[in-house]
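Okay, got some structures for you below.
Look for subunit A in each of the two complexes below; its partner is subunit B in the first and subunit C in the second.
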Partner chain A sequence: MTHLTRRNLMKAAAATGLAGALGSRFAVAADEQLGITLVIPSPIGDVGWGHALSAGLDPVKAAYGDKVRVTILENIAEGPDADRIMNKTVADGNKFLIAGSFGYQNGALQIARRDPSVTVLHASGFQVAPNFSPFAAKYFQGSYLLGMAAAALSKTGKLGSVSAFAIPELITTINAFTLGAQAVKPDIEVSVVWVNSWFDPAKEQEAAKALIAQQCDVIFSNAQDTPSVISACEEAGVYAFNLNSSMKKYAPKTYLGCVSTDWSPFFKASVDAHFAGTFKGANTFLGVADKVVKVVDWNPDIPADTMTKIKELEAKIADGTFSPFTGPITKADGSEGVASGATMPDGEIVAMDWHVKGVATPLPK
Partner chain B sequence: MSIPVFAFLPGLVRRERASLAATLLAPLGALLVAIVLNLGLYMVMGRNPLAVLHAMVLEPFLSWASFSEVLLKTGPLLLIAQGLAIGFRAKVFNIGAEGQFILGAIFASAIPIWFPQATGGWIWPAMLLLGAIGGALWASITAFWRVRLNANEILVSLMLSLVAAQFLYYLLLGPWKDPNGFNFPQSVMFQYDAMVPTLITGTRVNVSLLIALAWSVAAWVFMQKSFIGYKLQVGGLAPRAAGYAGFNEGWAIWLSLLIGGFAAGLAGAAEVAGPLGQLQRSISTGYGYAAIIVAYIGGLHPIGIVISSVVMAVIYIGGDNAMVSANLPIAAVRVFQGSLLLAYLIAVAFVRYRLEWPHAAHRSPS
Partner chain C sequence: MNAVEFILAGMLAAATPFLLAALGEMVVERAGVLNLGVEGLMALGAVIAFIVVYHGGGHFLGFITAGISAALLSLVFAFIALGFRANQVATGLAIGILGQGLSALFGKTYESLTVKGLPKIAIPGLSEIPVIGGLFVQDIVVWLSLLATLVIWATFAFTKTGLVIRAVGENPKAAHAIGYPVIGVRVAAVAFGGMMAGFAGAYASVIYTPLWADGMIAGRGWIAIALVVFGTWLTGRIFLGACLFGAVSLMSLAAQATGLDLPSQLLSSLPYLVTIIVLGIISADRRRLKMNGVASLGEPFEH
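And then the complex of A and B:
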């Protein structure tokens, strides 16, 4: 894993954007329209991952107007079809590609290697090239805060999570959720159901009901692109929260909050850099400090003293004085995860493949 | 012939013999009707129908890059449809080619997954062969249930496709998961020797297209020239007559399903050893089902199927083009495929039957 340079990248992008405007020889002719294509595996819908990505392009459109042309291709299965579709859109002259799923990695990387004039942003991957940046959000910063709220509201001491795939990104959100909850109630337990899909409303709803039946009274909908978990929880009168974009309208009473992502600062900086001819591929890992991760729609039921603590920690996360993965952290198998006083570096967080103590469900191996 | 309330409606009367011209024109007419209907739909959706038509029908042929993608897509459709058509003519309805395709992909992947360091020119042919055997084995479950327990082969083969998908997910989430793949459900990338050689440099078209064409020739010889093929057809057309002639029905079912499964398994193997290069969840985007349409549009005839598989591949590639450049939703492609099959079935009904209006209903010699 290369160095993670989210803030540096933005500073660099902003600075070089200026230099580009002054006349870099790589700069794109001012009258040339930039085609931006976003490819996502599920429908855009009104909520979820794809929706957050497409909404992140709105400020880019607003800032550049006719200078950019945005195409959004939804429901593209990962595989040979996705490769062809990405090839096609680049061959059509769209020079800025956002590959919105891990599974697009190989095809998108080939495109970047073949044509250096193309800029590619790739979601949740690990490969880097001069014109190819993987990007991911530090959802775990938000899920830690919601874990604190969940523990304060839980009566049974059991929390649950319906989770998409057992990839590091989602393992960390569960771990941080558990650690946040333990910060309030040390004995709390978290059960997980892996549905192995980004988009499967029936399965997700069933998983939520199974967790509720096991006495879990706060449910974390971990990376679902549908509100099925949230609405099942509203029906059962159980608190629930999710990632990416707010689903409050599906659970007006029991919606705990949303770890929302606003990709626009990152997209805008990358497009600026592309126009300036200064784009440089880097592993970008963006969080609260970058204004990409934001917790919104807090439920008013959260006790005031807990809320005060949450707000304090949120400020500390934003200024970099607190990380959820600060030791001592014990792994679920009892061994030491993070030594006392140490903070897990980003490079290890993005590759995390173990659960913390308190996650009752073993990780699928 | 019809319920009194609908007495004003015409009835269908079987023609003595279907004319050859009408038989040949039916798929063309169906294609035309489907195009017109779908263009209407695109207009209702507020798209420019000419732009969509250009992207869908012309663009696949305008550049070598996109035509090579048509050929790439033709391969699996052609293989599966030829195999299915043999069964369909024997009236054995194998609807589970999707599952047989998945098993073929799994069997073929076993070699590079278990022997990732292996090298040599034998690997990809062995993978294709193993895949074909895997598909045939999966189909043999259906054959067993049909022949021994008289279970409906349509249901059994269809349900087994769902089982096959779950089996694939199990492998990818468990034993066959790439250990360095961040827990994502996919296998390792295959080594170079586990890939079917490319046929045309610079494209993704590989040798499996030649295999599909050879398979088509073999299917033609088998169905039109061989005695076994003849027996299968008679069994489909006139099961009782076939029975009196001593043709065994159970044997025909076994043969039909094994051939269909073999072909679908081969196609699955060629897909993982071709454009995919690894085993993953979305290995098939419905090839097994699309091939059913291909087989019928091709009139269940080996030559017709060669043409219809190219047409279907153009619809796929053209549909993707329309999505990228004319902003059409992906579902529109499925609607096109579905309306094409529907239009064809209606057209075929008119080739075999004619309308008889009520006032002329009193015994007109046909």
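And then the complex of A and C:
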């Protein structure tokens, strides 16, 4: 019987690594049809996270035609069920897996380690393997620009955000939103309501109404998959914006804009690499410069001079000369977040666990 | 509008889905049947009402069809659990899962679409009172739910129908011996409970949050069942519990919006904690609790 020792573990790890290196070079036969499976936790609607991911696969289908076969498994709860379903789809011969939620990380990573011929893309995680790439969007670049627009339109000087969970990805979007708003009106305040759920339309709508009752007149729908917040804001006559895909049709008058994500350049490049046998797992953090993040459907009410400034900054973000997280930035508790003149590196942005000054709601611990 | 006004104005509407579903389940349990499928019945009602309203059928027709379809699904439960005397817990769970599955199936092409809600009706005079005025500006379904609460309370307090339902739940053998159709009464109670759950779902999907999204009931059916137990099968307490739950869940959001320094996870769990504590205190008297409990709850009836 083999004992579980550090040495054995190292051997096993080395073997997996070697197999990974060999596998990615030899396992792909060019004439074989590639099965691509996308697994997502919520149902696919006309809008939202799942919609953005599935739409990102359309150009891949268009480019490869019969050479790829796309399967989308929606509404898969994170946990053992997801592991079973992902294993099944890989066992069925689908060699390209897109695990569309953070909670799929461990199961998807196991699959990648076990079978080096499989390529796995994993949403918003941090683990990397030779055939396993986590991916995330720099939503904060867009929410900074919308913060500028929000501040220009706000009469009360109070902005709000309905947010799902206090994780770094959502904290950074709120921080950038606040910083963008402060760039236009320095004393503006942002209130946050954490609904502590990825999916509860009724509660999200109540949260939006609670913020509106506190005189917030621009609301940021932070990671809601349905138009719950957007439609409540249209009814109340306050501006609102969201992430992922445009919800303009739910709020024709008060829709401020959308930090949209287009995953197709990334998906296409990854599938290309899989076919070529050159796929290499890496932490991919994509933004405006990669044409993954883009603000669309700007509201015509935004004053022209603000819009000009926004467009200038957008161009600077795209060519890398400006980052929203450029110092001096003060934390909500008064301490220094980013030193004057310094720019926060990506590695720190993805782990951000503090609010900037101007966010009125304390961060849950 | 300050936080207190916000909570008072929104409390009744937030409570309505819980209230409707819990009152229905209360009638079912008073007749001695435990139907744990409320979550699925609500989901089915929600999707049917949404489809009808989305295609221009109007809210009234939406509620009617939601009530009928959920009642029909609950009759499937009655058929298995009462007709074949299957285990009520298992059957209820199965029907609940079936209801959620059906709702996902029917709602597939309606995912994240929206409809228009209903306008609010203000009671003249009362709605102008400062601070509490918001309580008297509600949509028609909220007013009708309050009326339904009164009617159900009066039925159990004053009418023979109420006594028959209670007799069937307390001692089905005795009720049978004096000539009441035990199974018939139970089937009717289950259908009524299903209809109310359907209304509750309809309220959630076409008035309270006028959109359809698979899974939007998000556990509210289970809270309704819990409210029945914590409300000790009494209409008044269930009403109180639903209002309290609605108010505290709004409070937890309003507290965050005002920047109160409390962890949001704690605030999110407050509605559950407060409801359990308050209803626990008012039903602390074990003798009275025993008096209100339903003696034959969940037991199949054989004669």
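By definition in this document, the second predicted complex is superposed on the first by the 339 of 365 C-alpha atoms of A that agree within 3 Å, B and C clash if a C-alpha of one lies under 4 Å from a C-alpha of the other, contacts with A are read in each partner's own complex, and residues count from 1 in each chain.
Just so it is clear, a contact is a pair of C-beta atoms (placed from the backbone, for glycine too) under 8 Å apart; a residue touches a chain by one contact, two chains touch by 3 or more.
Quick caveat: nothing in here was measured; it's all calculated off a predicted structure.
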| item | value |
| --- | --- |
| Clash or fit (per the criteria above) of subunit B with subunit C on subunit A | clash |
| Contacts of A:213 with subunit B and subunit C, given as first, second, both or neither | second |
| Partner chain(s) touched by A:73 [first = subunit B, second = subunit C, both, neither] | first |
| Which superposed partner A:91 touches (first subunit B, second subunit C, both, neither) | first |
| Touched partner set for A:364, first subunit B, second subunit C, both or neither | both |
| Subunit B versus subunit C as contact partner of A:126, first or second or both or neither | first |
| Subunit A residues touched - subunit C or subunit B, whichever exceeds | C |
| Touching partner for A:166 - first (subunit B), second (subunit C), both, neither | both |
| Touched partner set for A:201, first subunit B, second subunit C, both or neither | second |
| Which of subunit B and subunit C A:45 touches, first, second, both or neither | second |
| Segment of subunit B intruding into subunit C (one of 75-83, 147-155 or 183-191) | 147-155 |
| Subunit B/subunit C common contact set on subunit A | 75, 166, 196, 364-365 |
| Touch list for subunit A against partner subunit C, complex | 42-48, 75, 160, 166, 191-197, 199-203, 205-207, 209-211, 213-214, 216, 225-228, 231, 235, 250, 360-362, 364-365 |
| Residues of subunit C defined as touching subunit A within the complex | 1-3, 5-6, 10, 14, 17, 104, 108, 111-114, 117, 204, 208-211, 213-216, 218, 220, 249-250, 253-254, 256-259, 261, 263-265, 268 |
| Complex interface listing, subunit B residues touching subunit A | 65-66, 69, 72, 169, 173-174, 182-186, 189, 204, 271, 275-277, 280-283, 285, 317, 320-321, 323-325, 327, 329-331 |
| Residue ranges of subunit A in contact with subunit B within the complex | 37, 71, 73-81, 83-85, 87-89, 91-92, 102-103, 106, 126, 165-168, 171, 196, 351, 353, 364-365 |
